[in-house]
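After this come two complexes, each holding chain A, first together with chain B and then together with chain C.
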Partner chain A sequence: MNKVLEVKNLSIQYKTDLETVYAVNSISFSLNAGETLGLVGETGAGKTTTALGIMGLLPERTGKVPSGEILFEEKDLLTLKEQDMMKIRGGKISMIFQDPMTALNPVLPVGKQIGEALLLHNTENLSNDEIEKKVEETLELVGIPKARKVEYPYQFSGGMRQRVVIAIALICNPNLLIADEPTTALDVTIQAQILSMICNLQRMYKTSVIMITHDLGVVAETCDKVAIMYAGEIVEYGTLGDIFTGEIHHPYTIGLFNSLPSLTKDSHRLHPIEGLMPDPTVKPEGCWFAPRCKYCTEQCKKQKPPVVEENGHQVRCHFPVHQKGVE
Partner chain B sequence: MHLLIRVLKQNMRMGVGAVNRQKSRTREQFREFWRRYRKNKSAVVGLIILVFLIGMALFADLIIPYSKCVEQVGAERLQLPSAAHFFGTDEFGRDLFARVVHGSRYSLFIGVATSLMALVAGAILGASAGYFGGMVDNIICRIIDVFMCVPPILLSLAVVAAIGTSMQNLIIAITISCIPGNVRLIRSVVLTVAEQDYVEVARSYGASNARIIFRYVLPNAMGPIIVNTTMAISDMILSAAGLSFIGMGIQPPSPEWGALLSAAQSYIFTSPYLLFFPGIFIVLSSLSFNLVGDGLTDALDPKLKN
Partner chain C sequence: MSEKLIEVKHLKKYFNTPAGILHAVDDVNFEIPQGKTLGVVGESGCGKSTLGRTLLQLDAPTEGEILFKGTNLVTVGRKEMRCIRPKIQMVFQDPYASLNGRMNVRQLIAEPLIVNKVCKNKRELEDRVSGMMETVGLAERLSMAYPHELDGGRRQRIGIARALILEPEFVICDEPVSALDVSIQAQILNLLMDLQEEMKLTYMFITHDLSVVRHISDEIMVMYLGKCVEKADAKEIFKNPVHPYTKALLAAIPIPSIESCHKERKLLRGEVVSPVNPASGCRFAARCPRAAESCRQGDIPFTEISPGHYCACSRIGEI
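Our next item is the complex of A and B:
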């Protein structure tokens, strides 16, 4: 299978006069055509920063990429000029944003907004009528009657707006779709609808998807590969099967799964992972998860853990937990 | 410019059917706009006064010929308002009604032209300062700061004094004095709008900076800008009148309202109506633009739709 996206040793930092935030620290992953990669981790783990880095949308003055490559269809996006990047954005890579309530321009009718993306990437020289038609088709595809294209965002509910946002992302048939917590702002019933819609569209167009989420249920439902992120690093990476039923695990992954309330076990309390993520402005010695890890040893505090690999299933830990499955 | 060309090209490509469809949609939008504008009664009153004033300026020659403005009749000096001279006559025996009617052309034109020019300049400078930030912002803002510390009327006075008195120079002078405030206002609105998610979304599908500014940022910043511009028109009319009043604006015998006031000041005790009529019209025009500006914000803001 051909690789659509390959990220190699990518690091991203936010630099201000006062401090440097190490948001993403040499992460690597790859994605084949039609596959879905889940980026999982708690708030501040660097998931969204990774997405913005791929899109080339890091804040201009503070966002810096000191090392790494982002190969998209064999071109390094980091070396492209802004103008070439503009052609790729929206055309070949597009992004679904987290909060549909603020992601739409309040003064443009939704049809116009969906058409904008196509108008800007009008490689087939479509006429205005053809663009209109494509907009109508895309609206129907995401389940909005085409007659509503003249309406403004305020006339739509949250779930409907998220559909509009998805329509914007999909209208140019991108090869890579980055979904940044697409369902976090929605209630559960709508969540299921939106997710299955993304999956169907993905199957239809053979799009690769990066699904950013902190919901392990969403991951189980939609992803082929999973990368668990902690403090800007990928601590565990593998196929869905590796993560959910594999033999070795990172203690953080186990902690994540344990903090889910269980339907089958009778317990009165939830089991959170104690402690907080380390301060992202300092790079501590040793394993960054050590202060919160119950298996922590002296070695963990002093030495950066190596990546242990087993058939492509990678775990960044001195002492990976051997356990069948995560629960 | 290049945006404009693209829009024109699109219109050409659309064909007749699409244009008609567009037309009916525009009509519908206008009806919607009018329905909401009508709710604000004082705005309707403002609009009526404004239409009346603009009509007066457009059809001034039909109402009363320009020759009446300059015709000096020695026998009819400083007459009270009467059937022959609705607003009376001035110290040279000229018909004040004719002078006020023709004066509306100067005042309204100056008001509208200066505030539109100041709006365009303010939008370009303010939007770039707010949107790009950093160095661009610093340079623009520091220059504006320099202008801001001179009172606007003094600034226009200085400009007129430097380049001479004429209608053109008056317009330039007033425009310059109005730009700094506009830049400040537009920059501050753009700062908040540029932070919004939909700007990021627009960037995520490959929109260029110019497109984002003109299609996403400025339209969303429009509310305060429209009010400010309509209010600025009234301010501009007042400062043009003010400059003419102190003799730095439109020169006699041109019948600008401010100049009329200026000429009449020596007769304030004997013939107060010479001040009254031009004054009333200055107030009316100023008031009507203010009211219309208020009405426009309510009616044009899709976020307030109800």
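Our next item is the complex of A and C:
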């Protein structure tokens, strides 16, 4: 299978005069055509920063990429000029933003906003009428009647607005779609509608998707591969099967699963991970997770853990937990 | 059966809007026994937060009775209400917006005591604040910190401390964990459950997260557009959901297990319709896969289908 995206040893830092935030630390992953990768983690794990890095949307003054490569269709996006990047962004790589309430321009009709993406990436030299027609088709595709294209965002509900954002992302038939928490702001019944729509469209167009989420249920339902992020590092990476039923696990992954209240099993108490995410401005010597880890040893505090690999299932830990499944 | 702490009868809250009358809470009935937890679930706009606010008399109800230990909160005077309110407290949803950014942790937690003139001297005040900080798991060194210096989990602990310092009997938790990460969410849920045992608290737990509500509640009430559509024991409702909306809600939750991988699901179509001037009959009829003509007429009775399990659906027997 051909790789659509390959990220190698990517690090991203936010530098100000006062401090440096180590947001993403040497992460690597790859994505084949038509696959979905889930980037999972809690607030501050560096999920969104990774997405912004791929899109080339890091804040200009503070966002720095000291090392790494982002190969998209064998071109390193980090070496591209802004002009060339503009051609790719929104065309071949597009993004669905988290909050549909703020991602749209309130003073433009939604049809104009959807058409704008195509107008900027008009590789097939479509005429205005053809663009208009494509906008209508895309609207129907995401389940909005085409007559509503003249309406403004405030006239749409949250779920409908997210459909508009998805239409903008999909109108240029991207090869890579980055969905940054696309359903977090929505209700469960609407979330189910949107997720199944993204999956159907993905199957139709063979788009690769990076699904950024903190909801392990969403991951189980939509992803082929999963990367669990903690403090800017990928601590566990593998196929969906590796993560949910594999033999070795990172203690953080297990902690994450144990924090979830179960819908099927009865338990009186939850087993949360004690403590908090470390301060991202200080790079610790050993494992980032050591202060919160139940199995922490002296070695963990001093030495950076290696990546343990078993048939492509990677765990970044000195002493990965051997247990079948995560519960 | 233990004593009923709170009893709500035919509670209605309508808002006048330019577009018409908005039925936020429409004829809701329930009671909560002492020391138990009632979970209220529903999607945004179903009136669950309004219900919480109305119980506390932050919004005056349009109609109905709220009996707290037999006293009707709707008709009592302001003076009496002042005496009762410390017994009913609320934990708010957003720990980022509900705390005054100009007060430090100690001042924030002491505020309810000062407002209600509970403590005789400064010493007692300080002791109670310190004690409460310890109870909710805030370290003493944080007492001079301001909310912006703290993370969401610690802020929510301040919110809980503020609600509990007056030693209430009834606490309304309005989505206390939905703004938090899962690992922090689990810490707060454990804390709330420990405190319930320790202080014999009664909770009304408002949330949209069904797994959270199953974990913490004894009884669950499902709301849709201001109406209560189903109410039953927590385990019962997950095992035998009866109302089509409850079923759809349960089917929509993504389950973190390998079996749910790329699974096709029955989806609920459409969205919540406007609660302004709702049509008569079942409010869910527009989205219900089983809706019949009879669903669109008259009031749908809230019937008991098995002991303690109530459901408002006109086609219970048929589906």
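Assume the second predicted complex is superposed on the first by the 327 of 327 C-alpha atoms of A that agree within 3 Å, B and C clash if a C-alpha of one lies under 4 Å from a C-alpha of the other, contacts with A are read in each partner's own complex, and residues count from 1 in each chain.
Here is the rule we go by: a contact is a pair of C-beta atoms (placed from the backbone, for glycine too) under 8 Å apart; a residue touches a chain by one contact, two chains touch by 3 or more.
What you see is a predicted model, and the numbers here were worked out from it, not measured in a lab.
Model built by superposing both complexes on chain A: chain B and chain C fit together without a clash. Of the two partner chains placed around the shared chain by superposition, neither chain B nor chain C is touched by A:111. After overlaying the two complexes on the shared chain, residue contacts for A:86 are found with chain B alone; chain C is out of touch. When the two complexes are overlaid on their common chain A, residue A:271 makes contact with chain C while staying clear of chain B.
Of the two partner chains placed around the shared chain by superposition, neither chain B nor chain C is touched by A:46. Once chain A of one complex is fitted onto chain A of the other, the partner contacts of A:219 are limited to chain C, with no touch recorded for chain B. Between chain B and chain C, it is C that contacts the larger number of residues in chain A. Once the two complexes are overlaid on the shared chain, A:120 sits against chain B while remaining clear of chain C. Between the Cα centres of chain B and chain C, as seen from that of chain A, there is an angle of 80°, stated in steps of 10.
Applying the stated contact rule after C-alpha superposition, one finds that A:232 touches neither chain B nor chain C. When the two structures are aligned on their common chain, the gap between the nearest CA atoms of chain B and chain C comes to 9 Å.
Comparing the two complexes, no residue of chain A contacts chain B in one case and chain C in the other. Here chain A touches chain B in the complex through residues 55, 57, 61, 86-91, 94-95, 97, 99, 102-108, 116-117, 120-121, 127-129, 150, 152, 154, 165, 168-169, 172, going by the rule given at the top. Across the complex, chain C is touched by residues 42-43, 157-160, 187-193, 195-196, 199, 214-222, 240-241, 244-245, 255-263, 266-274, 276 of chain A.
Across the interface of their complex, chain A is touched by residues 10, 13-15, 18, 25, 133-134, 196-198, 200-208, 211, 215-216, 219-220, 222, 302-303, 305 of chain B.
Taken in their complex, chain C has these residues touching chain A: 43-44, 151-153, 181-187, 189-190, 193, 208, 210-212, 214-216, 235, 238, 248-249, 251-258, 260-265, 267-269, 271-272.
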